[in-house]
Each structure stands twice: as structure tokens, then as C-alpha cells.
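Report on the following structure.
Which chain is which? They are A, B, C and D, in the order written, and residues in each are numbered from 1.
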């Protein structure tokens, strides 16, 4: 009987935990949506921010965020593909492989503020780039590198050995096998990983706040060395500096837009990952 | 109850009919929309090896998994009918499933040992372990390993990981683990199908030994095996019971043509 | 070897080298820039007074704050997360599990600045009222916020860990007459344990390194609470100190160097935790995300 | 499948080239830009002024960033920005740190740093304090409002980050040292808004805020002068200098301003710019 009771208690506890968890997370979404939706309208999405964030919209913040991650993606993708190919096709020493994995995945654990500090020292101070959006892109690219490498590596690994062998049997050399057989597969894998990486990168504040963004006065950067405005830093600035209550309302609106972008990217990434999984099962 | 001599020879036993320990009546089982078992009515006899034969997909596993309600947690499972174990209807709402499974133990197709030591595996299912002394525990381990003829092979390395045993030994360890809970009925779902012939023989001998104290329900698709060990035979096909009765009857003068064909390993529509 | 092959190999070797070297470069730069502080301040770095105007750079309060916040967040998120993972993996029908998992992965992606915003506007006020405090910006608030933040990660990872336990163990345990909770406690959890520890360590690394959300709610005072286990007072973490002060310091100054030293300490902590989890417990090849 | 991937790769490549091209085009028609950063007190003024400035001078971008007075001065000295914003004077340490930099300050308005309290405290009777009392609160010698004539409630002392201009000015007057330590502090916050929020959320807080941030939840205290007279934190008192804790709002350039920097400073000093200063809650220059 007491075993039965324990079972009952345990089962109730898991329900309770799951319920609590669901409630908290639902509440998060509800708060953001409820507060954000009131700020959002056509003008908010397509006008420049005015009057210290209290009026106008967040158009250039959206553009800035997208620009940052677009170039982060362009920098990250070739690097990640190369690393993944080397890891799966050339690297056969188990110990080196493990070291390589620890180094690359260790990067995944580096706190985002450290990336910001590194960027501040290396680019802004040593290379004297000044505050520049391109530096922000580079830092974000480094940040999401492990995610993309891992995704590409998985995709390459899911190519059956027989493909490689039959391509070699046709007289293709090693590099041709890679380009013709593995690269297409690796790219689709890497791109799904890339979306997951982008979903994380677009919401990051700490890595870019010292090195890549400005509060106002910039719409579309004129060169690689200009700063941009971005959604997360805009939210931070409004939450910290604005005097007007309407600015805080706009911060919620910007949060909702940011979350929507994150959701779009992670959905694309999850979808791609799922598709890849099923296709490799076939 | 007649007993064979101490000689462990595989001998077509001609035991008289015994009381039914498990009685299945009018059982229908669906998984989602698929009708897996149709109108099953069989009984399994006490202290006998009750053997269910039939081609794969005929519903053998589903039937014995119904006897200790292992299907309950499978998605889309739905059942109608009654199953009596020791006179109790185990399909009723009020039954305590955990207690039922202590009385009706089960051994699966593939041996499944836990990543623990051999002795821990034997004791794994014991509920009141905390009340027992170390001596008592060792005694239980020894008894059950002897019962499954493993004692000689593993007594010197009881604290080794169970996964270091051969598959055949693992399967006998699983049986020992089931017996340690002291069930009345032991369900064996193709326990030898992933074993080599020598290990299979060991498990068969074990069953012959066990039927002295347990009611055994044994699923196999190996007809020779059924011929070697079964007392009572149930032949299933396409989710229904085609014929049941003593081994002699089914092998030597079956009522149905299908039974004859299948048991003679001729081509049949099943 | 053809030209394309050579270029190709050069490309893959080069990119691997670059990717692998990146973390070493980061560590190197932090070390180089914190060298001044290490040399000039030495063990004084591990005292509890921070006052740049008087060249006092004691980072003990920040280390204590980081440890306290991490402990609180993990103490809340881990039991809740594992219990929820048990629910999603063992109780929830398989069909629903996929949706719940996708939702959790989306939640794991909510940017930390938004958590910070919610922390300032709602959570700190609630904590203040619920515990009748002077101010809701406390170490506890930070820990609570981070617990919520890291919850989706812990749930998905633990759920994966539980889900990877082969079904046969559950069946075997059930067939011995175990109740559901006994099946989970005796059969499933012990097998999933290494992966769950991995999940916890990964979450721990996350919590330790989180900046924006903590910075806004922790109170940011460089003081070790009295008594030290009192978490209902404001405090400071390594990350919140960095986020607030790094931009104010002049590059090359001792102040800057001491800040970078904090970054180095933080990085060493986090890398230690992630490396342990990667090497011993958690197989990263199994997952693409997080 | 393969075809698709090739296509998508091709698309990706085109996209890359396109965006690179786009950047080049922008680079050619590059507008001049003036980078400004620093004090959050000055930020609203400069940010709004920059918006209006661009209406007239569409070819000049004024890029504005926050960070605090310290950030403004340091970044100017390191030539990362063209114009620093500060709400305090440049310290001796900063001057000796950057001997090669020629700091030129331009006062664009005046402001008072007002000791503020939560409205609950204000309403229960604490409406004026002496500078000595405020000093004791920050030193941790007065820990309860009762000791200052208020309700029986522990004081929540809100301090500011050390490099903030507001704090320099406040501490200079109250404790006689710009970078005085405040052992009585309970919270350390950064921007004016963050501090305003925290004080509004509390019912026992004291803090220091720029005059512009005072509202119905965050009330400014009057100062009891040594002669017993009461000075209220009002624009008139700030303008005529009778309020004891005032400061100049500064723009700082490296050397005499030239070109766009000069034009922008002139704009802020013009009638239009001064109106923005006034609208932001500060005191305009005469």
C-alpha cells in the first residue's frame, strides 16, 4: 500500500512539476505578447526610431540585426564546412579528433560576454577598427561556429560509405568526391544548423554591445566600419535610459519582434534538422 | 503429479490434463484501428509448459503480453474480454497491475540485463530488500542462480557486470531475476530466438525443470522446440486461435488441416 | 595531387585550424590583457574590496555572487527540470512529445535581454513583495530568473537522456512488478544518470556565463552578503560586473586589466565545467542544438 | 535533391554578391558621421538634437551611444569617438592618463543632481534633509528613516556606478570627494532610468537623480542649508545657482571642434538646440 501511495505521490509530483514549468513558460510568452502587441503597428515596423525611442519605430534596428547575422552567416558557413569536412574526411587520429572536438565545442560554452570582451580587445583596441558592425558579425560568426560545424559534420557522417566508395571507383580523386558527393549533403546540414545558430545570435546583446552597435543616429551603415543599431541593444537602451513611458512600451514591442525573428530562425533550423534525420533514415 | 527421474532427458511427456491457471475468454485486442487479436479463448494449465506457436504476426506476443498487462502502456491499445489468472479477472479496473506482474512474471525475446552486477540483477525485482540481511540476500541469489543452472558458471564472479556474460547466460539470468520475485506464472516470449543452439538447449532444459513449480506460458515459432518441450499446445494464426490441445493431439491427429500443414512445416496461408 | 585537391585540402585544414585555434586565441588575449593586474595586484585580486579610484581590485564578491546565483538557479531548475523531463519522456504520449519538445527548444531561444526586461519589470517587484524585502534586486532574484531561463535547456537535455534509455529496460522492470515510479527510479534514471549530469553541467555553464538578465536584476553591489548565505540582499556576479563596467575603463589601465582578469576567471570556470561534461558525461555528437 | 541544393547554393552566392555590391554602393555615397558617446544625463538632449540636426543636414550622421561620462571621456581620448558627453568635469586622473589629448569642453546646459526618495517616504514627511544627513545615509551611519524624521523603515540606499557623472557631482558636494566610497549603499545601478525605476518600485529608497527624472513616484528632496533656509529643486533655483548640487552638461571635443562637429555643437547652442535642452527638463544657457 505504501508503495502504491509513493507511486501516486511521485506521479502527482511530475504532473505538478510539468504544470509549473508549463505555467512559467506560458507566462513568459504571455507577458511578452501582451505587452508587445500593443506597441506593434505598421509604423512601428517600418519607421525609424524617433524622439529617443519614444516615438517612431524600429525599422533600422530590424535591418541592423538582420545585417549583423547575415554577414555572420556568410563568415561562419565556409569556415564551418571546411572544419566539418576536415574532421570527418581527413582526421583519423582519435586523439587529435577528440582534442579538436573539445576545442571547437568548448567555444560553444564560452559566455557571450567573453566574446564581447575579446572583440573589444582584439578588434576595437588592438586592430583599431572602432565600433563597427562588421566586427560584430565576425564575433557572432565565431560564437555560432560550433553549432554549425556540428550540424555539417552530422550531415556528412550520414552519407553512407558506399557513396564515397562508388565515387572513388569512378576515378574521382578525394577532393572531387568531397565536392560532388559530400559537400551538397554537408551544406544542407550546415544550413539547418546555421539557422539554429542564427536564432541564438540575433538575440545576443553582450557580444555586440561594446563593439558593434550605437544607440541612435545611424540607419544603414555606410561602410564596414560604421556601427549599426540592433534590436537587443535597442531594448537594453530603452529599458535603461528612456525617460518616457512610451519608450518602455516600445521596448516590449521590440522584444516581441525579436522573439518572432528568433522563432522563425529556430523553426527553419528544427525543420531542416528533422528533414535531414528522416532523409538519412530512408 | 508424476515426476520424471533425475535424468534430464528431453522426453515427450504424457502428462494428464491439469487445472487451468490462466483462462482467456473472448479476448479482442486493437492497436489503433488494427484488430490484432480476435475472439481468443484459450486456457493455460497449471505446472505445464503451455506453448503458443504460429507464424510471426499471428498475435502470439500480444496474447501473452495481455496476461500481465504489459500492453497497457502501448499507444492505441484497447482490449475487450476477460483473462482469469487463479480465478481473478485481471482485466478489471480494480486490479493492481504491479501486483499482478509480481505473480505473472515475464521474460523477453532479447535478454535485458541491467547495467549492474550479476547478483544485483538477480535481486533487482525484490521489493523488501532492505529488510533482508546480506546472508539472506546471498542465499536468494544462490538459490535462483542454481535454479537456472547458472550457479556453477558464475558463482565465482557474482560482482562482475552482468553484461560480461554470454547472451545465453544473460537470458538465464533474466529468468533467475523473474523467479526471484516468486511468480506463479512465467511468461516466456520467444526467449531463445536470439540465442545460439547450445544456449537454447540450456533454456529448454531449464523450462522442463521449472514446470515442476511454475506454470509456464511459452511463445515460440520454432516447431521442433515446441515438440521438444510443450505439454499443451496453442496454434495461432492471423490473430485467432486455430486449434489447441495436448501436444500429442495437435502433432498426431489435428482437427484442422491448417494445423497439420503448419506443424509439418509445409506451406500454409498463415 | 591536382591543384583543386591541394587548394581544397588547404582550405579545410585552414578552416579547421582557425576554428580550433579560436578558443586558444581568446584565452591568450584574456591572459595577456590581465597580466598587468596579475603582476601588480597579485593575490590582492582575491580580496573583497573593489575600488578602482584607490587601485583596489578585489574580485571575491563577484566570485561569491556568481557561485551563489549558479547554486540557486541549479537548485531550482534541476529538480523541476528533471521532474518535467520525466513527465515529457515517460508520461506524455509520444505524439505530443514532439510538439512539446519543439516548443521547449523555441523557449530555450528567448534572448536573455528579454528575460532581463521581465526580471526588472515583474520578477524583482514580486520578490520584493513576496519576501517583504527592501529591494527586489537580489542574488535570489537573479538565481530565480536564471532558473527560469535555463529550465528549457535542462528539460530538453534530460528528456533526451531519458528517452535514449532503451524501452526494453522499462519493460523488464515493469514485468517484475514495479510501479511506474519504481521503474523510473530503479531502471531508467540510473541508466540516464550520466547524460543528466551532463545536462546539468551544461546548464550550469550557461548560468555561470549569463550576463544581460543577471546584470539588470542582481543589484550590482560589490559586497559579500552578511552572513554569506543570505541571498535576499543585492550582490554582484562576474558577468554583471563585466557588463556594467568594462566599457567605462580605459584600455591598458590597471582597472581594465583587472576587469579582463575577471573575464579570464569566468572563462576558466565555464570551460572547466563544459569540458568535464563533454569529456565524461555527455556525447555532443548526439545533438545539434544547445 | 542534388539539383535543388546546387540551386540554393547558387542563390546563396548571388545573395552574397548582391549584398556586397550593396555595401559598396553605400560606401561610395558614404555620408559623413560624427560619433558621440557618454553620459546618460546628456544623452536625451543630444539624441533628440541629432534627430533634428539631420533634418537640416541630411548628409551628416550623428551616431549617439550611451555608457556614462567616464565612457565618453575615455573613448574620446582613445579617439574612438569625435565628441564625448559628460555631466561632470574631467578628473585629474583622466587628464594625467591622456597627456596628449587636448580636451575642449562646451557647456550646453545646466542640471541639478537632486537627492530623491520614494514617494512613500516623501509623503510620510521626509521632504528636506541637510547635506550632512544625506552624507551620513550614504556612509551607513543613518540606516533608518526614523533617524531622519521619517517612518520606522530601513533606508534603501541606491548608489550609482563609480564613473557616472551624476555620482561625481553628488559625492563632491555631499562627501567632499568625487569618488568617495559609499559603505551604506544597498544597490548600485547605472543609468538614470534604471535608478528611477528602482526607487519607484521601493517604498524606502533614497538615490541621486538628475532633475529631469523626478516624477510623482520619485520625489526630489529640498536641501536644508547650513543657515536653516530651504532650497527646493526647481528650475529657477538651479538657474540662479542657489541649489547646491548643480553641474554643467558638457560636450567634449579633442582640440577645437572643426567641420561637422563644430556645426553640431553650434546647433545645440542655438535657440533650437536650447529648446531641446529645456524640453528635456534641464536649464538652458542664458
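Just so it is clear, contacts are C-beta pairs under 8 Å (C-beta built on N, C-alpha and C of every residue); 3 or more make two chains touch, one makes a residue touch a chain.
Predicted, not measured: the structure shown is a model, and the values here were computed from it.
K.L.:
Name the chain whose C-alpha centroid is most distant from the C-alpha centroid of chain A.
P.N.:
The chain farthest from chain A, judged by C-alpha centres, is B.
K.L.:
If you tally contacting C-beta pairs for every chain pair, which pair wins?
P.N.:
That would be the chain pair A-C.
K.L.:
Taking the mean of each chain's Cα atoms, which chain ends up nearest the overall Cα mean?
P.N.:
Looking at where each chain's C-alpha mean falls, the closest to the middle is C.
K.L.:
Let me have the rounded angstrom distance from the C-alpha centre of chain B over to the C-alpha centre of chain D, please.
P.N.:
Here chain B and chain D have centroids separated by 81 Å.
K.L.:
Centre to centre, by mean C-alpha position, how many angstrom separate chain A and chain C?
P.N.:
Between these chains, centre-to-centre, one finds 17 Å.
K.L.:
How big is the gap, in whole Å, between where the Cα atoms of chain C centre and where those of chain D centre?
P.N.:
33
K.L.:
Quick one: which residues in chain A touch 2 or more of the other chains?
P.N.:
Where chain A meets two or more other chains at a single residue, that happens at 3-4, 7, 125, 239.
K.L.:
I need the residues of chain D touching at least two other chains; which ones are they?
P.N.:
In chain D, the residues touching two or more other chains are 78, 190, 194.
K.L.:
Of all the residues in chain B, which ones touch at least 2 other chains?
P.N.:
As it turns out, chain B has residues touching two or more other chains at 98, 127.
K.L.:
If every chain is a node and every touching pair an edge, decide which shape results: line, ring, star, complete or other.
P.N.:
Graph shape here is other: it fits none of the named patterns.
K.L.:
Where do chains touch, given as pairs?
P.N.:
Here the touching pairs of chains are A-B, A-C, A-D, B-C, C-D.
K.L.:
Inside the complex, what are the residues of chain D that reach chain C?
P.N.:
Going by the criterion above, the answer is residues 67-68, 70-71, 74, 77-78, 93, 97, 154, 156, 159, 161-163, 179, 181, 185-190, 194, 197-198, 201-202, 204-205.
K.L.:
Name, in rising order, each residue of chain A that touches chain C in their complex.
P.N.:
3-4, 6-7, 10-11, 13-18, 20-21, 24-25, 28-29, 31-32, 78-83, 85-87, 89-91, 99-118, 120-122, 125, 142, 145, 147, 149-151, 154, 173-176, 178-179, 192-193, 196, 199-200, 202-206, 209-210, 232, 235-236, 239, 248, 251-252, 255, 258-259, 262-263, 266-267, 269-270, 273
K.L.:
Spell out the residues on chain B that touch chain A in their complex, using ranges where they run on.
P.N.:
96, 98, 127
K.L.:
So in the complex, which bits of chain C are touching chain A?
P.N.:
Per the touch definition, chain C meets chain A at residues 1-2, 4-5, 8-9, 11-16, 18-26, 29-30, 33, 79-81, 83-84, 86-88, 90-91, 102-107, 109-114, 116-118, 120-122, 148, 151-152, 155, 179-182, 184, 202, 205, 208-212, 216, 239, 242-243, 246-247, 251, 259-260, 263, 266-267, 270-271, 273-275, 278-279, 284-285, 287-289.
K.L.:
Would you mind writing out the residues of chain A in touch with chain D in their complex?
P.N.:
Interface residues on chain A, with respect to chain D: 50-52, 70-71, 74, 124-125, 130-131, 184, 187-188, 191, 213-224, 226-227, 237, 239-243.
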